[in-house]
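Heads up, the thing below is written out as structure tokens.
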């Protein structure tokens, strides 16, 4: 299983039936492909839809039905559409149960940076700041390191997305949480030892006595 | 409400006008008006829209033609030309969180001075904005946005100007249709009064100033 | 012609084709009955409708279609419905071209008091404060005096509805406006002299050289 | 979303609960839930609703039964029983301009701390509220309202909980359905999924906690 699939499958286990879920672009988008059988969740696309379905069959796409990246999607029975004020009312108002977002850095306090690298890349925050500030639960799905550098840092040096801390980080190497506000190693990926995670993690992880293997 | 041609509609817009343009990644953007803005070379535009789309699509065409001097938006990541024009100091970009952007426009259209939002607190979005504590929680004062013109695209418009949007092409359109001095609309279908049931009207007719007639 | 009809007919002359108009309860409601032929206006009912029509035929009323007082109404072709947030967005946002409201007092500065008499009557402001604050043009339609006391006062002693001044006052005796911020007698009702209006008006009216008779 | 009986729905509501109830002069009010609140004698309620309706109708029945201790509303003029209970100090009434009331509820449902409104400036509505000047104009800071329960009435509800309101019965319902910890809905018609087209859903299913089943 490749790293992205592992991350997506692990995140999918966090969703509960009836949840309203918003998936960011990239690895988070893949989560929808790995829902456990029988699990019914509502996926929101922040451009104005609840009930996003898979990419339509050849020739069935409609130009007025896309995801937030402008790519054609379908809609499931029971879908609803709305304007951007409603969409962000849902997001900021705590009606989104889980958001899954990519990240550039997460730090020991759970702060996320994911929207710009000063002087290099300024895509804009889009809906990310509202999602992290407003969703009931924020899960970051990302590679543990980029170009050999840990993305789990002691303190973010990139601009923050929100002052609100995220709830869970799922990487190709580990699952990390923040019980009692302490950054904690919760699970290790298959074939990865605790020592290996610690070695490639800049942040000072709390290591419980037993660290189970990542479920997926 | 008056019916106008695309040419007449765009001729009303002066250089330097402040425009709100509906659409999200070009979906729900009035392409005919955008094309005509380019043809009439309306320049130095102050543009407010959700995102910069991509080159060759939606408001991306205004960027291609270098007609925008100031862009207020939430996302430019998929349009490298904006990034290039920023670096060359040819465009000023004001990045606003998407939920804040739509609330500021809604406030402008609804006669509110602004809203208090938690989004951006503790980030560089704070800038020098006023902060207010309510019940121990901090909020940013985000002020109302209005424009000279709103360029709106709808799926259905009836002869009076009642509008109904479709699927994810609704996005910023109904909010912007309340926040501009002059509202110009293009429709995929112009239909008789009554085709849109009263409960399904999303923008009531009195908000629309000009409907672009079929060519 | 009775006083209410006169007032309603005079106010109707202020409306223009295409106007979005909100009529308050009482005399203002009557204005809809006296539109000049060929004039097409949109009437808003602030409980969530544009395009209110007359009272429905016997047996045609629907319990979910009423005016702001809960009375059955009909809807005209091209009507639209919406929630209260939209309804007051239209009102406060300046999208209502004309509102016609009843009044308890209007003073020399054009301030209106129309929602409570302390210790006596506290109905609540309902939508009146938003209407007076937000509508493009505010017209007060009321009797000139109540129980022999002028309702056009030098300064309101009842709680104000808004700090925004009204644009026009139409009574059974006169039309009063505020050109250059001065309370001014614009027209007198048929058979009423300028002296008679002045005699029953507490506010210090500016009297132009010629005061035409009220149109209706 | 769970289907419940009227009895079960109301049994969840404790005495002293803060309730938002949809409706405008009783139009669009969930009468079955109101009747059951009276039958189960839920008392000391903190009620938020547009108006006090009239005796015997809508929230007027809660006033008739003296179940309301605090009423936040814009208009009580057509219910003399509220006036009588006010005089007897049996009910506290907080009068709020209608546009401010709906914006405060919307803010509560949309995660805003509040809004800045010109309505009430220079009147006794100012009270000790904070004021903010923006561009030379003064606005009142009006804070968000939320409740423990929202009691909502809709024309159509589908099996998932998507709602579509009809005519003037929409009013405060969709806004309140976002601003409460628990949302309970009665429907005139419960219909299969798909009967309400996606573009015509006014309250999306995930907002609804309980739908009252047909008896």
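By written order: A, B, C and D. Residues from 1 in each chain.
Everything below uses one rule, namely that a residue touches a chain if its C-beta (ideal position, glycine included) is under 8 Å from a C-beta of that chain, and two chains touch if they have at least 3 such contacts.
Just so it is clear, the model here is predicted, and its values are computed rather than measured.
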| item | value |
| --- | --- |
| Partner chains that subunit A and subunit C have in common | B, D |
| Contact-richer chain pair (by C-beta pairs counted) among A-D and C-D | C-D |
| Whole-Å separation of chain centres (CA-atom averages), subunit B against subunit C | 35 |
| For subunit A paired with subunit B, centre-to-centre distance based on mean C-alpha positions, whole Å | 29 |
| Junction residues of subunit B, two or more chains touched | 103, 106, 110-112, 117-118, 165-167, 170, 198-199 |
| Set of subunit C residues in contact with two or more other chains | 49, 75, 81-82, 88, 91-92, 133-134 |
| Graph class of chain-chain contacts, one of line, ring, star, complete, other | other |
| Pairwise chain contacts, counting only pairs that touch as defined | A-B, A-D, B-C, B-D, C-D |
| Subunit C partner contacts - residues on subunit D that touch it in the complex | 24-28, 50-51, 53-54, 73-78, 83, 86, 93, 95, 97-100, 102-103, 106, 117-125, 155, 165-175, 202 |
| Sites on subunit D touched by subunit B in the complex | 103, 107, 110-118, 130, 132, 134-135, 137, 139, 141, 143-144, 164-167, 170, 198-200 |
| Complex contacts: residues of subunit D adjacent to subunit A | 1, 106, 109-112, 158-160, 162, 178, 193-194, 198-199, 201, 204-207 |
| Footprint of subunit B on subunit A - complex, ascending | 45-49, 62-66, 68-70, 75, 81-85, 87-88, 91-92, 121-130, 133-134, 159-163 |
| Touching residues on subunit A, where the partner in the complex is subunit D | 18, 20, 42, 49-51, 75, 77-82, 85, 88-95, 97, 133-134 |
